[in-house]
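Just so it is clear, A, B, C and D label the chains in written order, and each chain counts residues from 1 on its own.
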């Protein structure tokens, strides 16, 4: 409350409109499976994988936040127009460089759409090596 | 994932430490039960009601976000030190002035603690009158 | 670069359109002249004093930030629609509760309009008493 | 007011401590000189080029904002600890993917250090081709 929508594997979804709806709102994490402790580790968050989202003034992806379990690591804010503007579609995308510590990261991301609210992805485990 | 902690009525909680833990992390909404459409309507979000939270550099309330159902209305960011600083305690607090439309608001807030993650409050209904 | 627009006393400005333009974009600080160290001290930031700003999807006040000299104390983010929405006008407004330390605050605020960029106000001095 | 510190070419600066101070606080933009209209265009903002900044709880790079002239394109928020944590040093870095329109971008970035305030870089021109 607000509801947080959770990604569902769209290959299990029948209706094309629903596949599109889920995919274009979900944040996807791209990073290596293993990181070196104390070294820069790039993590990309992209909203939409196979589909694109409108970049309209009244309907756009406003932000993404990257968490390691319960802890915020970084966040990005976007504005309508930065993906081509009114009538265009795109995928909000940002790459953070974090420097991991500890033995393991459990990364998740939350995206916010100005019309369809909060969306989170499945967690991604990263092993941190000395 | 990240877990979002939900407020629990602390009068139902036995242990004093747990009452304190829950209360000092939970956002509380204060506003009138009825708003006038098209007129300024103050909504206060305060983190902690009967207890206070540290304002330490490694442990403070970093942000609150105010939602009407799934829609973000406003957000505030705080910094360590603005509530007295290292060794002090306080309640992060902000008052937004929103101008409601529609017939009803269903307000909630989410707070973020840099050590204990996301916390949300119970929704508060506001009737919007013409 | 980006240019930061600075408030100009509009009583010194001739053209009505320019008075309106300057006033509706400028953040105004309201707070007491004296604060008690270690006690809550409300500071209101309102964008526009005598004039109001559009709340359109492509043109709204997106944020305000409150500084004590060079140090950020708090910030607020607003969304189009929270002041009545498309075709309406209003004044973005937020009240922060800060707990001052030291002997003096020198407060300023910066507001951001999605069409007309960054605007700052004149600094306001607050004496902090033990 | 707050002062915005402007990057100075450190090869013109004598004192090593001052070179370090200026460089580690300044945002640096990396991107191609030419973009294709309507296509993704990566822009990296890194704070510090030859020097690194502390990642301490009371002293870290909190945010960067990317502007096209007066218009905010994207912003990123960082937390203490995400660059290795207390006692470590690093360079806050983020890569945004924007989709340019128009004929030219004039990019700048502003970074915020929790101890040393706002810092901006020299503008970078990007030609946008059809």
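Operating definition for what follows: a residue touches a chain if its C-beta (ideal position, glycine included) is under 8 Å from a C-beta of that chain, and two chains touch if they have at least 3 such contacts.
Note that the structure is predicted; figures quoted are calculated from it, not measured.
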Between chain B and its twin chain C, rotation from the CA superposition, multiple of 5 degrees: 180
Chain located farthest away, centre of chain A as origin (C-alpha): C
Same vs different contact residues, chain A with chain B, by half of numbers used: same
Intercentroid distance (Cα basis), chain B paired with chain A, Å: 25
Centroid spacing, where centroids are CA-atom means, of chain B and chain D in whole angstrom: 32
Junction residues of chain C, two or more chains touched: 62, 71-72, 79, 114
Touch list for chain D against partner chain A, complex: 38, 40, 55, 71-79, 81-85, 88, 90-99, 101
Chain B-facing residues of chain A, complex: 1-4, 62, 67, 69-72, 108, 110, 112, 114, 116-118, 120, 122-123
Complex contact set, residues of chain B against chain D: 57-58, 62, 79-80, 86, 114
